[in-house]
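Shown next, in structure tokens, is the structure this report addresses.
First chain written, first letter: the chains are A, B, C and D, and each begins at residue 1.
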Amino acid sequence: MDLIVRGGTVVTAAETYQADIGIEGEQIVAITRHLDGPRVLDATDRYVLPGAIDAHVHLELTLGDLTSSDDFVTGSIAAACGGTTTIIDFAESKRQHSLRDTLAERRGLADGRTVVDYGLHVSLLDAEAATLAEIPQLIRMGCPTFKLYMAYENSWLDDGQIWAILSTLAEQGGLPIVHCENHHVIARLIERFRAEGKVEPRYHPLSRPAVMEGEATGRAIDLARSTGCPTYIVHVSCKEALARIREARGRGQPVYGETCPQYLLLTEKEYLRPGFEGAKYVMSPPARTLADNDALWTALAKGELQVVSTDHCPFFYRGQKERGLEDFSLIPGGIPGVETRLALLYHYGVRRGRLSLQQWVAACCSNPACIFGLSPRKGQIAVGSDADLVIFDPQREVTLRARRLHQHVDYTPYEGRAVRGYPLHVLSRGELIVEHGEFIGKQGRGRFLMRERIRQGYTGLSLHLF
Amino acid sequence: MDLIVRGGTVVTAAETYQADIGIEGEQIVAITRHLDGPRVLDATDRYVLPGAIDAHVHLELTLGDLTSSDDFVTGSIAAACGGTTTIIDFAESKRQHSLRDTLAERRGLADGRTVVDYGLHVSLLDAEAATLAEIPQLIRMGCPTFKLYMAYENSWLDDGQIWAILSTLAEQGGLPIVHCENHHVIARLIERFRAEGKVEPRYHPLSRPAVMEGEATGRAIDLARSTGCPTYIVHVSCKEALARIREARGRGQPVYGETCPQYLLLTEKEYLRPGFEGAKYVMSPPARTLADNDALWTALAKGELQVVSTDHCPFFYRGQKERGLEDFSLIPGGIPGVETRLALLYHYGVRRGRLSLQQWVAACCSNPACIFGLSPRKGQIAVGSDADLVIFDPQREVTLRARRLHQHVDYTPYEGRAVRGYPLHVLSRGELIVEHGEFIGKQGRGRFLMRERIRQGYTGLSLHLF
Amino acid sequence: MDLIVRGGTVVTAAETYQADIGIEGEQIVAITRHLDGPRVLDATDRYVLPGAIDAHVHLELTLGDLTSSDDFVTGSIAAACGGTTTIIDFAESKRQHSLRDTLAERRGLADGRTVVDYGLHVSLLDAEAATLAEIPQLIRMGCPTFKLYMAYENSWLDDGQIWAILSTLAEQGGLPIVHCENHHVIARLIERFRAEGKVEPRYHPLSRPAVMEGEATGRAIDLARSTGCPTYIVHVSCKEALARIREARGRGQPVYGETCPQYLLLTEKEYLRPGFEGAKYVMSPPARTLADNDALWTALAKGELQVVSTDHCPFFYRGQKERGLEDFSLIPGGIPGVETRLALLYHYGVRRGRLSLQQWVAACCSNPACIFGLSPRKGQIAVGSDADLVIFDPQREVTLRARRLHQHVDYTPYEGRAVRGYPLHVLSRGELIVEHGEFIGKQGRGRFLMRERIRQGYTGLSLHLF
Amino acid sequence: MDLIVRGGTVVTAAETYQADIGIEGEQIVAITRHLDGPRVLDATDRYVLPGAIDAHVHLELTLGDLTSSDDFVTGSIAAACGGTTTIIDFAESKRQHSLRDTLAERRGLADGRTVVDYGLHVSLLDAEAATLAEIPQLIRMGCPTFKLYMAYENSWLDDGQIWAILSTLAEQGGLPIVHCENHHVIARLIERFRAEGKVEPRYHPLSRPAVMEGEATGRAIDLARSTGCPTYIVHVSCKEALARIREARGRGQPVYGETCPQYLLLTEKEYLRPGFEGAKYVMSPPARTLADNDALWTALAKGELQVVSTDHCPFFYRGQKERGLEDFSLIPGGIPGVETRLALLYHYGVRRGRLSLQQWVAACCSNPACIFGLSPRKGQIAVGSDADLVIFDPQREVTLRARRLHQHVDYTPYEGRAVRGYPLHVLSRGELIVEHGEFIGKQGRGRFLMRERIRQGYTGLSLHLF
């Protein structure tokens, strides 16, 4: 065997046990009591997890004349250092541009640069016949998941367009992943606040009310119900949205929900920070209340939400966020997070008794693999799966500081928080790419992942999803 | 290695993958791509599951002057042939008898006779100070789970007794497992039917209404809530009981629910069979309606119920069930089932698309281990776990016939049903005890299982339980 | 006293009792045991109800180059003959037209022609600053209720517009009355059916799914919640919409719901009638299923819905409905009903045990008065209230036939149905305008009703609304 | 006419209007604009309500060797002074005593002594055949409502007994009114507290947990459901019980709920008062939390609860309550309240915006009449109804003091509270019995009320009940 991970405590979505893991080439080939070989990685007193999957990241995203600050190189290195060995980014459509070209261009940008494996969701901006006609081909090209926006001036779809897209996805085995906020109401609120001279960051959350996130979530779910399409709701931030998801799942509708560390750990109080500091927390939807944080933790523990991703989309505070100094609505939205997810969820989730080890691994590693067509290759520790492994040290204490993290951005929303439990080594397809917290891999070693058509209905998915 | 299970498809509560399994002594020591050794069991094209756990069986149960027809020998052989490598039976208390003596006597009957490993729940008939004082000791003796009856003339407890017992269990780390029906209402109904000359088996289900099973389930849950004790509801048969469990879990109360194949597959129509045939289906609670069957399947798929056990408690139709020829209330209650559970759940659950492979394994193997303090030793396929394995042939067709089954009883409620998918070989602690469907092990090889104190709350349990 | 209604059984939303009613001028001045006077109307063995209020009628509504077939004369005579002494019609806005002008024009059309008193809702087609600025004035002019459409090509409002309007109404004491269907989805479905050559009336209901009526209802409720505005949902047709209303009221949100006889009594099967007959039932939303009928009856009985109105909007089958012979989407939508409501609700509601006498009067007479600012003048039998009274003969049998009804249209959806219980005499402001079922009043005697600002919150409304 | 109530604002469960009321003999014969006659009672600027009905009082109740301190004379005078013109007391059964005798004896005690009209509920202590056989006769004797206790050592019924009684009542048109607490759990808790020396009043509420009131309420509802019997739940004190009632009514089960001022206005903090003061608040169920108060107000406003009664059962603090100085479980349970209900509900309900005038009258006057078979004679202001009227002065300010109230007891739980709005004059069957707050009637003028068989199902009841 090429490499042996020895002495660790293996943690999967179902079990915790002591075993050595043997790797040949890029795959796990053995999980046994005692393994020996020429190359051994010691995991004594550490957890060995499946490499984490971040199903929602935006690297070098173009937003007007700005670009999110992490590119495929820096962003994927940060991911790796944080224990994430698979990212799913977005091929954002352009109008009057074929989806295949969009996909090819995005792959052109990522291939040869990412350091971990990656997949792509494709966003849709219209429901023209030509667009819908490309969907089957995209699915065959390994992109069965499509991002739909219900908000943002340049990307919101009307309900008829969503309906038409979902009808097509239902037929073709695609999965919509939906940003649920109400564009028109937000536009009115922003307009009103600007007219009243309310331009500070604190007006950002007030312009995107939780009730209307709940509304849009319910609308997406009803559109899915009426077309027979499964649905995945991204970045759930509030109780109102959660209630709609719970209700739909209660009647057996295949709806999945994702939240992010920022919605579990931050609140609207961040926007009240002195000066322009609140801008660091501007993202959509915004951070909500402590009660929402609690409701989201509980929903994760009960399996009402299945996935924790990051929506990583960093912009420099200096120079980029400052675009909105005179007008909160011009602050580029998004925060960094791809590197800190696994540690934050362990510290605030597992250590505080809100999640079991299994729930932690399910939300960060296994469930995204099941839902996004990466299973059994990713998301589990099993013979035949890719040897994507995290050697996680539950005792390692790290104080989060922007300057020490690998994310290419001048702040972290968690600055100064001390967490206990952190990734130590990371393997990607059998290769040690992070050692003692530092990236040692090669740029461009990451591969594009051909993902499978989405299997519909309950029964194709593991129990822990329902 | 002593034995290698080669070429199978491993199915656990979380994953499905191809691997060989290596066994040394009684434990799994390796899960690898290709293993070789002197002794190999071929599992090509078969599923390899964790040995199933039946957490609810009554072998040689004394009921007045009758005894249930399977003893620890025949019953545990039948279990083994059906893929069940762990059973949990009951040490039924007697009045004026210490619980330790009860336990010692029951172990005296089982030790040296069972062919698979076994645990014991202890039933409680009162809440006297002396009884409650014995509970900590019983938990230390490996029996942390206590059966409480809310029905049956000689065993029902009043709510004050249940409250006192639950208060003690909450303190001591015990888990009550509760039979939820309303004794007094049933007694009134039986009395009324008898007075009206309604003595045929068809009056049995009418004497035990679903609404009052729901009532008792809600009552047990409220008693648990008011004492802070986790609770396990046995043999849930109807929507009304399910609703109470769902509601409790929805507010975060640690309540677990079990159903049985008979409640998933049989209905009240069985009681209308000609002659005395209905007596074969007399059990408590009775089979309900198709709508209840459906609701139970859905609840299993959603994880609202966690366990499928059998409540195996067979009586011969001839001679035993016939005791009630003149009076349905004298028919000894209970049906056989320990042998057919895994195959029925695969055929009607997995094959019909109601359950995934993972849900099947979770309900029959993994969840009972988590809930009843047998994890990580039983219920999973992992290095270090007991080598209890089922080689399950998904293509094997078997027509269920009482005369071909190993259960010691003259009928099966599933007579003539053809199922596809059946256990082929079974290993218990590394020993091949069933080969090609026939028992080849030694009587008495089964061991008493010291079970662990119950870990309370969500977070100690795997995600798939919530 | 000018007139005495003698010997009847008075039925109000709260009570049933025997009394004579004395009228002076236009008002009730006495309710006593035995009254005498020069002019007596015998009501022995009859019910005496408050004149019914139909809060939702469209008389001489312009739809492109068609006009609904009942004008203010014929329509209000039909209303009177059916026991309805107050109607609320609509001043439908035109673009680039002030609302005051719209109101003035509509009053110009109705004044001097209606035979019963009437009010006007004002519809809004945009949320321009100028439009919103007119709202306070309209409220002062007696029109505090505003119709918003979420469907129809030429009248749907986007969510931002609705949000802006509701914000204004919340401040000003106006009440939005909302048509809840999803315009964009309907447009897509119609387009698809037409493209597939599916042009018969049977495709009409398929183009307007119940799930999306539920969606739009939920959206209107969420918009109301986020602006703090009370809301009235018109013509609820299905369980999905009902669920949203129930949920909102359950959390204390002031939401009111209306249904119509057609949603209580007709189903989607009507659209399958041979030939073009289905066109007679084309309305929006369409008739749904028996299960929806039942759910609506139950919701009325429980007070989850508060009002039964008619959405009376008749078109001749010959010549008008036939516009859509080649394309169901061109069939003018709407059915007649202003004349038959009270009798249908008595026959199918009270006589069949689904509603009490009190519930019948509440839904048809009293609740609309409370909600729409007509109380205490209309909707009750009390000293000082207008002497609008219906002498209802519970034994009178009438077979509904278009040719015998006073509605100006060539069909009734209830053709041939025999009902028992029918209005006999009707008084409006003390004047006998219907005698033995025939109109004897004068054209133009109806007056415009200045309605009051809407009182928000629970406590200003009678108990029976919540 | 014999008497005219002139110039008042009439308030009923449905309407508010200005009118004079004319009375002949014992009945209302006219409600008119201007009435004149020889005898006039001025009601200018006052509300005129239907005489209130207190459906739950215990006068001279025997509890061991104690008797509740208000007898039929003093208690009914207090009722009258508080605006209550009808009380329903209890004929408490004795074992080995026919129900008819019990009824006759109780009537023997009340007749010739009460000053307002009264009815009697009959309590049942067993479900023996002889007892059940008497039920039809009692209904014919005007007592169609039967009290069942699920708590109290000497009166609790087991579930089989309740089931048998409800089966009989369902057939006969009787209504069970049920005290829902769990006897056995309470007994255990009291025993435990006593054993631990926890004997102060503060342990009283801890011995009767809200969760177990919810449990018993659910059990009563399930027993009613399984027998097809309507049910009335007395003195609902907590959210848990409310949830069960809401759920049952949601599925259409005819369940009614009552609360009392003490559960709307007092909390468990009263039991923490210094010394033995807490004993003044000892009643069952106990006062709960502020959150429960709020939930009960909301439930009243929504019609989820229908009735406010008092459970008036006073004991002197000195001499009587003091029985429990050494042991809270010996404190006689019950508090005074028959006199203060209407004023408290007006002040804290109507004036604080929690109830409308109509809801106040419905809960205190009209609904009890509908539910308990007193309609149309009592509970409404209508021609032909008894002239039971309260002239209520909304501006009158009264500071509640035990020494000024007419209740025969040495304290009031509301001592020192200033309320605004109080009964001024009270008429009972046309007779002025309270003038300017003082009783001027004759002892023994009250009559026994023959109440009607209970009409089952929704539709016989007024809308405002559902």
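Simple rule for what comes next: a contact is a pair of C-beta atoms (placed from the backbone, for glycine too) under 8 Å apart; a residue touches a chain by one contact, two chains touch by 3 or more.
This structure is a prediction, so every number in the text was calculated from the model and none was measured.
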Touching both chain C and chain D (chains): none
Most distant chain from chain A, judged by the mean position of its C-alpha atoms: D
Inter-centroid spacing, chain D versus chain B (mean Cα positions, whole Å): 50
Gap in Å, rounded to a whole number, between the CA centres of chain D and chain A: 59
Multi-partner residues of chain B (each touching 2 or more other chains): none
All pairs of touching chains, each written as two labels joined by a dash: A-B, A-C, B-D, C-D
Chain A residues touching chain B - in the complex, by the definition given at the top: 10, 12-20, 22, 24, 27, 29-34, 249, 252, 298, 301-303, 350, 353-356, 358-359, 362, 366, 376, 380, 382-385, 457-464, 466
Chain B residues within the chain D interface of the complex: 158-161, 163-164, 182-185, 187-188, 209, 211-212, 214-215, 218-219, 222-223, 225-226
